[in-house]
Structures are given as structure tokens and as C-alpha cells.
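Listed next: structures, encoded as C-alpha cells.
Here subunit A shows up in two complexes: once beside subunit B, once beside subunit C.
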Partner chain A sequence: MKGLTFTLRAEPEERLDLSALTPDRLDGMSVAEIAKLRVGISRRPALVGDIFRITGKDVSQIAFDGGSSRFDGIGTGMSGGTLYVSGDVGAQAGRKMTGGTIVIEGSCGIHAGSGMIGGKLEIHGHAGDYLGGPLAGEMLGMEGGVLVVRGRAGHYAGDRMRRGVIAILKGCGDYAGSRMIAGSIAVKGRVGAMPGYMMKRGSLLFDRRPETLSPTFIDCGRVDIAFSGLFDRYLIEEGILDKPLLGRKPGKYGGDTAVLGKGEILFRLGR
Partner chain B sequence: MSVAWVGSQVVSLSDAIQHAAKLLASSHCPVISFDADVHGTRSVIALAEKLGAAYDHIRGRDLVNEITLFTSYGGMFTTPGEVRRRADLVVLVGDIPAEHHDLILSWASAPADLAAKDARRWFHLKANRPAPDNTGMNSLSRKVKAVALSAEGASLGSAVALLRAELADRPTVTSLTNLDKLKKALAEAAFPVFVFSGNTDEPMSLAMLQGLVADLNKAKRASSLFLPTDDAAWGAVLTCVWATGFPPRTGFPNGAPVYDPRRWDIERMLREKEADLHLWISARDSASPARRGGIPFIALVRTISPVPGAAVTIAVARPGVDHDSVTYSSRIGTFRAERASAPSDQPEVADIVRELAEALPC
Partner chain C sequence: MQPLTRNGIVIDDTFAEAFGMRATAIIITAPTLKWARQAATTMTGYATSVIGCGCEAAIDLDLPPSKTPDGRPGCRVMLFAVSTDELQRQLRNRVGQCVLTSPGSACFAGMEGGTPLNLGSSLRYFGDGWQISKKFGGRHYWRIPVMDGEFLCEATTGMTKEAVGGGNFLLLAADAEKALLAAERAVAAIGKIPGTIMPFPGGIVRSGSKIGAKYKGMTASTNDAFAPTLRGVVKSELSPEINAVLEIVIDGETNEAVSAAMRAGLKAVIDLGPKRGALRISAGNYGGKLGKFHYHLKDLLP
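Showing the complex of A and B:
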């Protein structure tokens, strides 16, 4: 059976809340029913059928042919199946997803992977601020799963992260891993100011020494630990990187001593 | 004197309201930027709810960090009265807007009458980077004889982190100046208070500061005092929270309020042409919105002439000047009634917006 495909008719005139178009929520619905779902957020909101041409039937494989920075909430709460977007998306892609795979060929807006619990979200372009981070009023950021950004991420990537893996392949903005409780964030490329600010535990893994750190991170020198090799192998085996990120004996900072201080920043020496 | 215009044409107030209501009713995505007193703010929220519109304060960009302190970090806060009467140790944190300097100086000249000791000790935790003293903070610090707490080349975020780590006897790369003096003062103080403003380049430093206050509360009572950058704007924020449960940058896409500081960022919505009509309400001055992409706007401002480019202009009264009002005051930490200083018959924002809402087709 052919996967359910939403082909974008034209650039939408309003922001769209596409959180209803996931395998779980569309299961058992006919194409006619899907076309009548409301996705616009203006006073005269657009319906799915106004924005997309719908083909295919298999709701476990959803594809969006065409993207827009006005596509908010793609894959929200997804628990299984696959979702593919051939272009850009807006805010909160993959929010609270618990399983399945989302692939976005373009770039994402703010809060991609916010509160993610499981599954895999792969963004081929750039991601906005608060990658995996909580929304206003929430206590926890990412709680599990794998989030890969093949471009650059904005500020506060992995804010309040508790579990899971974030990999960013072209650098990120300031305050990466802020208020982190646990989990791992790997960044290839330039990292902005104050990574790990207020992190309690968890690992920040960089391919170079961070430029601006809070004075509450202590230089622990060069460490010979199995974890760096293990994680490098994981990144290569998963196809996230093609070369080791850290190498055999990375440098290490411990912190943030302003809080619990059990976090670590590991980085490749010699760059 | 004329108070209403359609384009540049003088019209009656009721005609202007009818015309504005028609524009609002035909709009797909109307947005509201406002700056009003409590009654004006309530009327704006009611109109937004009826329209299914989104609203933000005119100073929304400045308010974001202050609001984030409460929506994303939380904290322990006290009132100015408690600080004046009870705080025997005051730590000023970073720059505090000049509007609040008189309040702080008044504490310096009055004893903490509910504290065990009359003498109040002062410290100033600050960044140590070359920057112009735009707020006169150095002068204030000298006047209250505050002991400086800083570290070589440290930003405010670094300084707060250092203080928190060093007070917990955890290792740091460098040390704050005068830390021993602060430790001694903290040991002797019954009620230390950290006074700060939310408008900072490093919002995360506010989260660290609140963590520090929480740490201190494990052993003794301590608190913080938040002084907003703009009292009137903060009053509007509190009014919104009271009325809808959320601060500004709230929309009513499905009839219920939804808070989203990015989605309902009115400036962004106009820039990206998501909005198709802008209602601009400024009861304090005649400032008009920056024109963005020819999106039509309705102006409710303090003016004596039509606003250039506005589809409809209605002159409104200034709260506290033309009419009695209720506004927020940092000095008392709550709202206060304010008598009109020069009463006039200019229409109030609340009345105009209410009439606009009534003129809308149901």
C-alpha cells in the first residue's frame, strides 16, 4: 500500500498547526475525513484539503511533498511509523514524540524535538533555538530518543535535557546544554558562549575546545576513558558522523560547579 | 477638537468606530499591539477574544526576558516594603533602570526597622567588562556605599555563577572580589535580598540567581526583588495574567487563550506577513507602528492629528493625566489608583475598545 502523501498546493497564507497529521492520529480515517481536518489558526482557518492534495492510504508512512516555515507541530506526539518532509518546517517539529522516525529535508524553526521522549528526528538543514528544549512553564526538555541536526542549531540547544542523544553537525549557538540534567549532546563545529551553563549532569561532546566557558567549569586535563571511543563508534555506526568526534584521549572540563557539578564537557584536543 | 479620522478625513467618533469595526471584522488575522492601563488592557483582551486575534504589548520585545523569568525559571520574590523594613543585607545585581534608583536610595536613608540591627549592608554584583554606564548604576552603587563583587573579565552570568559556586564552597577557575566580606555579611544577616531587573542580555543569569536564592533558603531566609524596566508595561503583563492566565503574546486561535511568545510575536507576524490588519493602541504617547509591507493599521493613540498611513485614527486619553486610572507601581509592589492630573474629555482606551467590540458583527 502506498504511503499517505500530502502535496502542498501553494505556500500557505497562515501558520498551520499540523500536529493532527501523524500516523497515530490519522489511523482509521478516510481521505475525505482527513481533508476536513482544521489546520489553520486564523479566524477563517484552512482545512487540510485546502492546503494539500492527498494521495495514498498507508498512514504509517506519511510524506509531505513540499514544506514551509509555517508548518508548526509536525509529528507532535508521534509514537510510530515514519514521517518525511521534503522542505522546511516551522516550530515544534517532533514535539513530545515517543517513537517512529521523522526526517526533515529542510530547516526547522524553534523548539524542534521539544520534550521528545523516544524515536528519531533527523533534520537535514538548520534548527532554531531551544532544540529539544521545554516550552514556557515546562520543567523538562528532551527525555529520550535521538535528534540529529545536519546543519547548525540555534541558542539553548538541549536546554533542560534529561535523557537521549542530540547530534549537531555544523555548530550551535550560545548556552548549549543549559540546565541539562542528563543525556548527551555532540556538536561538530563552532560552539557559542557558555555551553553547559547550570548543567547538573550529562555530557557535552565537542570536536574542539569551547571558546567561552563559565568560570564554574574546571579543567580536568586529558582523560583516558572508554566512553569517548564508545560514543565515537556509536556516532559512526548510526551514520551520524563518518569520522570520530572526540578521539581516544579527549580533554575534559567538569561542571557546572555553580549547581551539582557532575556534568562534563569532553572535547577533541589538538584543534 | 477632532478626535477621529478615516485616513486624513475628519469623521465623527462613531463613524470611525464603525469603520474600524468593519476592517476588523473582514480581517483574516488581526493583531493588536497595545500600551494601556488596567481597564484598557482588559478591554483589549476582551476584543482579542471576540475577534480571535493575538495581542502583544508595544514593548513586548523588552518584556520577553522579564516574562521568561516567571514562565521558564520561577523564583522566590519579596516586596519593596519587606526589603525596606526587614532586609539587613541588600545585593544589587547587574544594572537596575534609573527609574528605580530613588526607591533604592530611599532604603539607604531609612533603617530596617523590623530587622535586629538598624544598619543595612550593601553589595553590588556586576559584570567586569568595559561598557558605558547608561543607567547610572556606578553612581548609585557609590551613593549606597555598595561593596563591588566582580571578577576579571566576567559577564554578569559568570559573576552570578561564581557567587553561587563559591558560597557553596565548590571549586571555580577564578574568584569574586570581596567575597569574604559578603560571606561574613551573609552569615550575620537575617534577611538578605537580591535586587535585580529582568532586562538583561543574559536571561539565563536570572535563572542562576534564583538558584542561588533557593540555595540560601536551605539554611536561612533570603529572597529577591524584581524591579521591572517599565512599571506601566509590567502592570499590563499582570493584568493579562489575571485575565487569561497568560502574559502577553497570547492569541485566541480556537476561542481559548494560547500563550506562545514566538507564534504571537506581533512584530514577527507583521514582518512575515502572517497578519493582515494591525490595531495599534498607545495611550501613553503618539508613537505609531513602523510600517511593514503595507499592512493596514488602525491607530488609537494620544494625538491631535491623524496618524500618517493609518486607515483609522482615534485620539485617546492618557491614563493618569486625562482620566483616573489604575497602574502598577514598583514602589509598593502592586497596583495603585491614580488621579487624573489634568482631566479632559478625551475618550479613554477602554471605552473606545469596548465600543469597537460591540460594533463587531457577532
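Showing the complex of A and C:
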């Protein structure tokens, strides 16, 4: 059976809330029913049929042919199946997803993977600020799963993260891993100012020494640990990286001692 | 009836009797194979028989860096016990005292499935609050700070209830030297079979036992029927030309693994021939009523 495909007719005139278009929520619906779902958020909201041409049937493999930075909430709460977007998306892609795989060929707006719990979100372009982070008022950011950004991520990547893995392959903005509770964030490329700001526990894994650190991070020197080899191998086996990130004997900063101070920044030495 | 022979070695028409056991496995890695093996050898010391040691344990195979989780050289260690509780207790104590303490070591699950047995989940408390939990790739690890860096340990390992303990054969030879050479050849061959261990010293037992004794409280005692010095004074199994007997005992992850190991061991002894090695091959059993698994020698010959 061919996957359900939404082909974008034209650039939408308003922001769209596409949280209804996931394998879970479309299960058992006919194409006609799907076409009548509301996705616009203005006073006269657009329907799915206004924005997209719908083909295919299999709701466990959803594809969006075309994308827009107005596509908000794509894959929200998804628990299984696959979702593919051939272009860009807006805010909160993959928010609170618990399973399945989302692949976005383009770039994402803010809060991509916000509070995600499981599954895999892969972004081939760049990601905005607050990658995996909580919305205002929420206590936890990402709680599990794997979030890969092949491009660059904005500020506050992994804010309040508690579990799971974030991998960013072309650097990120300031305050990466801010207020982190636990989990792992791997960044290849240049990292902005103050990574790990107020982190309690968790690991920030960099391919170079961070340039600007909060003074509440303490240099722990060069460490000889099996974990770096294990994690490097994991990143390579998952197809996230093709070369080891940390190497055998990375450097380490401990912190943030302004709070609990059990977090770490591990980074490749000699660069 | 003409006795069954192979390459001039007499094969008794008998069988080895083995028992169902619980087994688990772990992978120990270290900066060098020498130190991985050191940790493994230490943790499998005093683990020859469940009767006196609580478990039977030994190194299954050495693993090249490409086959270990962290890309360092390592080895797979197997532990066998009669109950899940005892297996858990032995695993925790042995890894805690012998692997955690060994320089540069790390420890991973060596088996999937079954009831998970705690590995790092119990040892993490050694970290005194500085232990780090890491979950990725569907696995859970603990990192415990120690004086040479970190002890990296997977949270749990798997267990099987399909394991077999007590596969065996007896090598009867003209003298102790020849019996030992035959036994060494068998051990070398069986060492290559994955999923099997030989828990006794160097894989070889010289004190085979019979059930019961004349003394109260002894559940097992010397196998006088195979003791050459008693030939003539007891009802002996040994003919005049036999002057030494050694036994190989095999524990395996599955019935098939034990069969394969027996087959490999018998072939090695038969290839060596009667002039340099064993004159006769037999096997130990208790009449067939106690053990679930029977390995008939005649079915396993090359």
C-alpha cells in the first residue's frame, strides 16, 4: 500500500497547525474525512484539502511533498510509523513524540522535538532555538528518544533535557544544554557561549574545547574512560557520524557548580 | 561383541549425563587483552563446581576490539548456577570484587533475553552519588568514578534457563603423561566452540567422583572404579593397560553447544591416537535417572 502523501498546493496564507496529521490520529479515517480536518488557525481556518492534494492510503507512512516555515506542530505526539517532509517546517516539529521516525529534509523553526519522549527526529537542515526544550511553564524538555540535526541548531539547544540523545552536526548557538537535568548532547562544530549553563547532570560532548564557559565550570583535566569510545561507536553505528567525536582520552569540565554540579562537558583534545 | 573403535581407540558404549542449569554471560573489556583476561580469570577463580563454589564459571571466548561494545579487546565470561538467585549473587559478588577492581576494566551484557540480572544496577552504589547513568541505543549503562578513570558497566545482562551443565568424557591412558596430552588436545579443541566453558583447572578434572560415600555427610567421593591404584581391590572399570584417567567437564549455553563441544573434544583425542594419548574413552553418568541431558559417545564420534 502506498503511503499517505500530502502535496502542498501553494505556500499557505496563514500558520498551520499540522498536529492532527500523524499516523496515530489519522488511523481509520477516509481521505474525505482527512480533507475536512482543520489545519488553519485564523478566523476562517484552512482545511487539509485546501492546502494539500492527498494521495495514497497507508497512514503509517505519511509524507509531505513540499514544506513551509508555516508548518507548525508536525508529528505532534506521534507514537509510531514514519513521517517525512521534503521541505522546511515551522515550530514544534515532533513535539512530545513517543515513537516512530520523523525525517525533515529542510530546516525547522523553534522548539523542534520539544519535550519528546521517544522515537527519532532527524532534521537535515538547521534547527531554531530551544531544540528539544520545554514550552513556557513546563518543567522538562526532552525526556527520551534521539534527535539529530544535520545542520546547525540555535540557542538553548537541549534546554531542561532529562534523557535521550541530541546530536548536532554543524555547531550550535549559545547556552547549549542549559538547565539540563540529564541526558546526552553531542555537538560537532562550533559551540556558542556558555554551554551547560545551570546544568545539574548530563553530558555535553563536543569535538573541540568550548570557547566561552561559565566560571562555575571546573577543569577536570584529561580523562581516560571507556565511555567516550562506547559513545563514539554508538554515533557511528547509528549513522549519525562517520568519525569518532571524542576520541579515547577527551578533556573534561565538571559543572555547573552554580547548581548541583554533577554534569560534564567532554571534548576532544588537540584541536 | 566387537568393541567400537576409532583410530585404534576403544569407545565405550555409554553416555554422559548432564543437568539443566541457569547461565549468564558478560563481556569484559580492558585497554589490552592481557588485562581483560586478568579480570576474567580473577572473577572465574574458585568456580569449578556448583557443589563447593556456588557457580561454575570460565572464559568462553576472547573477543577482538571489533566485536566488543567499546572497541577495546575483551573476552566473554560465562557463569552457571542452579538457581537464578544464586546466579545473581555470584555475578554481583564476582564482578564487584574482581572486575570493578581490575585496572581499566569495563563490563557489558554478554547475553540477551530471559530474566535480566543486575550488573551495574547493583554496583553503581560504589559511586557514592557520583555514578552516572547513561541510556542510549536501547541500552543502559552506569559509569562509576574510580581511581584510574571510570568503571563502565552495563546495568543488566541476560540469562538463560536452557543451559546445560556436566557434559563430560573420560580419557583412559597408559600413563598420566599420555592422559594429560589427550586432555590438553581436547581442551584446546573445545575452547574454540562458542557458548561452552570447561570450569575445572585448565579444563581438566583428575578427581572424578561417584555419588555417596561411606562417611556420613559426604554427598560425593572418589570414583574408585576409575582409580588405577585400586584396581584389583575394588570392582574396577580399568583393564591392566590403563594407568591414568582424566575427565573433561563441559558446561554449555544450550544442549547443541555441549554436543558440539563433546564432538570437537572427542575428535581431537581420536586424532591424537592411542600411542601418544588415550587408549579408551568413556563417560560419566548416574544411570540416566538424574540428568535431563544424555550425550551418547557413539553418536558424537567423527
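To be clear about the criterion, the second predicted complex is superposed on the first by the 271 of 271 C-alpha atoms of A that agree within 3 Å, B and C clash if a C-alpha of one lies under 4 Å from a C-alpha of the other, contacts with A are read in each partner's own complex, and residues count from 1 in each chain.
Here, a contact is a pair of C-beta atoms (placed from the backbone, for glycine too) under 8 Å apart; a residue touches a chain by one contact, two chains touch by 3 or more.
All values reported here derive from a predicted model rather than from experimental measurement.
Number of subunit A residues touched is higher for B, counting subunit B against subunit C. Of the two partner chains, subunit B is the only one touched by A:13; subunit C is not.
In the superposed model, A:30 lies in contact with neither subunit B nor subunit C. In the superposition on chain A, A:44 makes contact with subunit B only, while subunit C stays out of contact range.
In the superposition on chain A, A:184 makes contact with subunit C only, not with subunit B. Chain contact summary for the complex, subunit B toward subunit A: residues 27-30, 51-53, 68, 71-72, 151, 154, 157-158, 160-162, 164-165, 168, 170-174, 204, 207-208, 211, 251, 253-254, 259, 261-263, 274.
Those residues of subunit A that touch subunit C in the complex are listed here as 144, 146, 163-165, 182, 184, 201, 203, 223-227, 229-234, 237-238, 262, 264. Listing the residues of subunit C that touch subunit A in their complex gives 29, 69-72, 104, 106, 130, 132-137, 141, 143, 148-150, 152.
Per the touch definition, subunit A reaches subunit B in the complex via residues 13-15, 17, 41-45, 70, 72, 91, 109-110, 134, 136-137, 175, 178-179, 194, 197-198, 214-219, 256-259, 261.
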